[in-house]
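Report on the structure given below.
Read from first to last, the chains carry the letters A, B, C and D; within each, the first residue is number 1.
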Amino acid sequence: MSAAARFVRYNAGLILAIALFAVIYGTYAVLHPNWGLNVVLQNANESLALIFVGMAQTMAVLVGGLDLSVGPLMTLTNCFGSIVMAGSGGSVLAGVVGALALGAAAGFMNGCVIVYGRIQPIIATLATGAIYLGCALILRPTPGGAVNGDIAWAFTNDLNELGLTFGWWEDLGPIGLLPMQALFLAAVIGLVWFPFRATVLGRGCYAVGSNEQAAYMSGLNVNRSKIAAFTLGGFFAGCAGVYLTLQMGSGNADAPQAAEYTLRSIAAVVIGGTSLFGGTGGVVGTIFGALVLRSITFIFRVIPAGAALSFVADPLLQPLFEGLILLLAVSLGAARVLRVKNRLSLFT
Amino acid sequence: MSLTPAPLLEMRGISKSYGGVKALTDVDFVARRGEIHAVLGENGAGKSTLIKIAAGVVTPDTGTLAVDGAPRAFASPQEATGAGIVCMFQELSLLPDLSVADNIFITSPPRTRLGLIDRRAQRRRAEELLARVGCEDIDPATRIRDLPLSRRQMVEIAKAVGRDPALLILDEATSALTAADVEKVYTILHKLRADGLALLYISHRMHEIEALADTLSVFRNGRRVDTFAKGAHSDDAIVQMMIGREFANVYPAKPKRAAPPPPVLQADRLTFSPGLNGVSLTVGKGEIVGIGGLDGQGQRELLLALFGVLAGVGGTVKIDGTARRIGSPADAKRPEIGMALIPEDRKTEGLMLPMSVAENITAASLGAVTKGVVIDRAGEADNVGRMVKEMQIKVGDLAAPVATLSGGNQQKVVIAKWLLTKPKIILLNDPTRGIDVGTKEEIYALLRRLADEGAAVVLYTTDYAELIGCCDRVLVMYEGRVTAELTGEAITETNIVSAALNLAAETAA
Amino acid sequence: QAAPKTVDGPGYMPECFAAWDDDTAHFQWAAKDGPYKVAVVNGFVGNIWRIQMIKTAKAFVEQEEIAPLVEELKVVSVGTDAAAQMGAIEDFINQGYDAIITIANSPTGFERVIRLANRNDVVLVPFDGLLDSKDVMQVNEDQYAMGVMSANWLIEHVGNSGKILEVRGVPGNTVDRDRHEGFRSVMEADGNDFEIVEVVGNWAPGDSQRVTADAIAVHGQFDGVFSQGGTNGTVQAMMAAGHPFVPIAGEAENGFRKQIAEHADEGLKGLSYGQSPGLVAISIKAALEALQGNVMPQLISVPIPAVDFETVKDGENFWSNLPDDFFTPNEFPPCNVNITAPEIMAESEADTQ
Amino acid sequence: MTSSATAARKPRFTVDLPIVIGVVFIALILAVGTLYTLKTQGTATFLSPNYLVLQLHSGAFLGITAAGMMMVILLGHIDLSVPWTMTSGAMIATAIGGTTGDLAGLGLGLAVGLVNGFGVAFLRVPSMIFTLGMNTVLLGLMVMLTGGHAPQSAATDMMTFLGAERTLGVPHSVVLWVLVSAALVFVLTRTALGRYMYAIGNQEAAAYLSGVKTRLVIMAAFLMCSLCAVIAGMSLAGYSARAFQAMGDQYLLPSIAAVVLGGTTILGGQGRYSGTVIGVILIVLLQSVLNVMQMEEAYRQIIYGVVIIAMLLIYGRQRTAHR
């Protein structure tokens, strides 16, 4: 097998996610009357928190579990951040670091409950999720908190805007048009995810998801890998919370929103090509999975009124079509099943 | 090699029980440097338990363990590896979704200066290691999932060797290997012995022990019966020591036939990609037909295709002269077809491990004991009792999970499950893998009895001796085709091997 | 930077667009030529109130006097996610829409879209779920006043002491908070002596019913009830438990009003006030007026449509032949918003027969 | 090590750890609640038959939902479409009305089960995600239905009979729960289908190679789950006298938690029905006691989480991956 052929074969899920995204987002961009960099920025803005939450979910799925606490944890870090970050520059930094640490700590706790309590991840996190949500409600009984508007604005726009707001630079040319969201994402992927993947601990997460028993017998520290996975997941959820805080400038212990993020994160992971059985995939696929999910809803905003398909955008039919498109997207993976030759391979 | 090599691992007074089962009772055991030490015993004799204790997977109830004279207690495989004890377990410890290279260096990969895994160096070293065990054909970037079992075992060996062990333990490491691969393993093990390693070798294949071992230990019922140098006892004496009784002829006599029996199963030019390039075979009533050849020549696909597991199989299948379409195991089970398959991996394909022995035995034949929609419990219990008796399944509590049986008995459960469906055609995929001689003998006798009672049996095995000893006819497969059909006196090791290597065609070309 | 100018009141059509209070500022945008593109960015869609709201919006822009002003109406529902909602609002700004009506998923965090809307001269109108902001024109009924009104009404019918059941709404929501605080401000004032048992009914009839049943089982009899939403569930539970009918203040679901009409003589004295889905029409109208350069209050107070057991009337403020679910108040004559609830919710002949 | 797990599969009577612990926790919750009422009211309301029957009456809806959920969890699957299956079953039934409506509600359950089963068994989309999509589709369908014209939402006579009425003080919903339970216990313990469900939950490949029509069994499990959901939804609508949007949203996580607290492994293959019943009672009582104690939402969530973890910790009953 050539290297290219192997890459395609081993990354079929990722490639499918990218293709789906290209098709759906492409349609949106074409239909959008004023598509341009500011629209890209806006799309990035509305997607980044979901991307981070999806990445958090990916960690749990990689080790063969599911994390139902990612949404509540995002909410908790958001509420925490909104309290600490309401202030001058220094407190913002403290809030960011604190919220990320809180996320990681909560993830660590998830990992410990799962590993030492020997509780299935999905149930353990169902419970810890409730606890995190409760804590968020204690921190923020009602929505509020005010992060410095300039800081919030500057860090959720492009590089130029960042410079302009603080008078650091005037115009960086084309580089200046780079959205901050892309920078944040690149930083997290480049400085956290890729290095983590290249450690024994990180590879251990794949090993544990692939076959826990075999990983143990191979002399891997299974517990440590699992805890690491959930801790990193918590960190990613913390990233989502921090970004949400910057974006909203406030905190909101919103239970329905937390639940929605959790459920969507699972969809993002699956569309991104990570197997729910664990052991394959990764957060890069999830990024595209989350983008696909978001783009589906973008479409409804741009379908022109007179178009043949405009009934799709009928406000009272939208939820139906959203569901159908989601079903269709996740069923695309079924193409593999229909082509499967050895039916035994369906069961692993 | 000195006369009494230094003891590397010393175990003293080891006992281990699982609930009421005494897996090991007061065992003393010593492994020395520069020596291959074979451990023999029936299924459930305690071999795996012993080495799991040495490897830190299982903690003993009593007893001590010393490495190079220093007392040790391992809490995990990690610690054992740290002390130089590396084990290749019976149930492979490879990670299906990771690459070969990742697997080989799973715990201690080469690292870059930043402390991250150096993938390039890892790949290079994986290639070196694979070459060392004679598997240059395996690409280190391939996922384990995509390798056949025999290749996986070779990777597992490379992985073990790559850990620079002081004591290397192989628990039935060769059970799925073909003769050619086994040769390679011999070479490596001999070399490692020369390098001064201590080696423990567990196998149910006497000829491997013959070729490798310096010292042999025999276990029975959780006790070490004896330890002696190679050649001190004859094979028969060793087997007798293992099973604790006289042991005569392994294979039952083959019947003499004047005319070919009426065909039951006729497959014509079966094709399937990858694996089958037009396989035809006929199996007659009362016949045992062996399928041989190198590993991975389409034998597994053939059995799965016949049993309806594969989609997109070309060609035709006739049962008792009538063309039939078999689209699933459920089809294959129907009375007019009457087919049964003893699958390759009993743990994942044959059994529901946490379910009871009784439930496993009746899993394929519930339809027969169902009245309306209700299971007739009495009828079910009758069937189970009958089978346990007939197959001599050693089981205490029929309601206990089947996982608590030893391998041989688990295999009997799988066979019993299918016998309850009263099959006309029985397909077996390496049914004696990792099973002790005593149980093997019972299985051979059973197959012959079933054939005599009119069943058509297709037996795929990697063991030439089984093909020779058991089968009325042997079809040798090569690259998805039947390249030779051997009958009667022509079923010899030489013929099988030359057909397997497709020598005739090679020299003609 | 473009933004509405803050000007002195009074505003345009004050009988319809009443300023919240005397301190409410007034805005004026530069007049634009119509027709306008209007977007409604809804949050969650899976409940009847939202559906009624969406249908009202669609029906409203088709009315004779409104239709010429509206080039296009686009409605999207984004779920409960605030980030997605802000994205959708921003998208419509980017698409060049003139007015965007929304029910905010969160009372805070919309500074960014407010900033962008102002930059692009887009009129953004949150209603129902309001923003904690004085920089944006908003439309609502006074939730705090609803609480106060309910309390005063209960005191009138129960007296100044007794055991009261308060069934609250969705925790953490500002509407719940405001109604609750308004209610308590009166009940706990000097001279009153109430024992108040508080349970959470999430504005959903099923939840209200369950928690009410539990409360009755444990606390026995109540002298009065304040049930923020899902009020017909509360009444259902009382009837099921054999609890005598007592004065009850609650929402404007048709079902609750049916219950009041049916059981008023048996003691079910009821007050039914309503958060009307018709607010969307007023919000659209406010946006259209603002686009034409009219002076508008920053915070528009819409009168609370309330009826009680004495004023409840079939075919007028409830419909006994129609389903329980929908919200009865829908029209606001001072604003020329005259789409009745049955018109919206009962398009089919079968229902209005 | 595997004692409870194996015991769960034994046909004879054994004392099951999850069940014992569940009962202990139920007693504990009642005790705490009673202490509270003794202190505030001077009565032991939580122990009164009236209160307990009331809890069973409204808990039956969760009970029936959880019963269905258990069928798919036993296979190692999950059904996230339960909330809107409940809702749409009830809404369709009331919209059409009468006996036809009742049948239509059941028919909808049948259809949802078939589609879910098809997606999971034939397309092999992970149930977690397929049913999630299905839930959105059902929500969309109901929005569309309501968007057309306001459908009638008054419970049919049958629904009221099942959900609201009592005979001799016994709520019919409890009788319904008992009947559904009996049917499912029968399926699980007496029929080949039940045996196959456990088999698939334990080792699907082995079940398939044993000639079990695994896809049909999976379909059947999803069918049972959806049918239970619509039955619960319709009787719940009877209880509330009407069907309304999102009425099922409060039932998803509690039904999963009830099944798991009752000792069914979320990975499938192991679990007893009686455990699920205990799990349901536990959750219903916990919710109710917290309600009555007027516990703030924040602390309510935290207590809810802590109770689940505490119970599972006490019987760390996950299948051990290694010794």
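Just so it is clear, a residue touches a chain if its C-beta (ideal position, glycine included) is under 8 Å from a C-beta of that chain, and two chains touch if they have at least 3 such contacts.
The structure displayed is predicted, hence computed values, not measured ones.
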| item | value |
| --- | --- |
| Each chain counted as touching subunit B and subunit D at once | A |
| Distance between the centres, which are taken as Cα means, of subunit C and subunit B, whole angstrom | 72 |
| CA centroid of subunit C to CA centroid of subunit D, Å | 34 |
| Between subunit A and subunit D, centroid-to-centroid distance (C-alpha), Å | 30 |
| Junction residues of subunit D - those touching two or more other chains | 139, 143, 146-147, 205, 208-209, 297, 322 |
| Residues within subunit A bordering two or more other chains | 137, 141, 213, 216-217, 253, 316, 318-319, 343-344, 348 |
| Multi-partner residues of subunit C (each touching 2 or more other chains) | 45-46, 51, 54-55, 171-172 |
| Contacting chain pairs - touch in the sense defined above | A-B, A-C, A-D, B-D, C-D |
| Subunit A to subunit B touching residues, read off their complex | 1, 3, 6, 10, 195, 198-200, 203-204, 206-207, 209-211, 213-221, 279-280, 340-344, 348 |
| Residues of subunit D touching subunit A in the complex | 80, 119, 122-126, 128-130, 132-141, 143-144, 146-147, 204-205, 208-209, 253, 256-257, 260, 265-267, 296-302, 304-306, 308-309, 312-313, 316-318, 320-322 |
| Subunit C partner contacts - residues on subunit D that touch it in the complex | 37, 41, 45-46, 48, 50-51, 54, 58, 84, 139, 142-143, 146-154, 164, 236, 239-242, 244-247, 250, 288, 291-292, 294, 297 |
| Touching residues on subunit B, where the partner in the complex is subunit A | 57, 76-78, 80-81, 87, 89, 91-98, 102-103, 106-109, 114-117, 119, 139, 141-143, 159, 272-273, 304, 309-312, 328, 348-349 |
| Footprint of subunit C on subunit A - complex, ascending | 32-34, 36, 38-39, 42-43, 45-47, 49-50, 137, 140-146, 149, 152-153, 156, 244, 247-250, 252-257, 259-261, 294, 297-298, 300-302, 305, 313, 315-316, 318-319 |
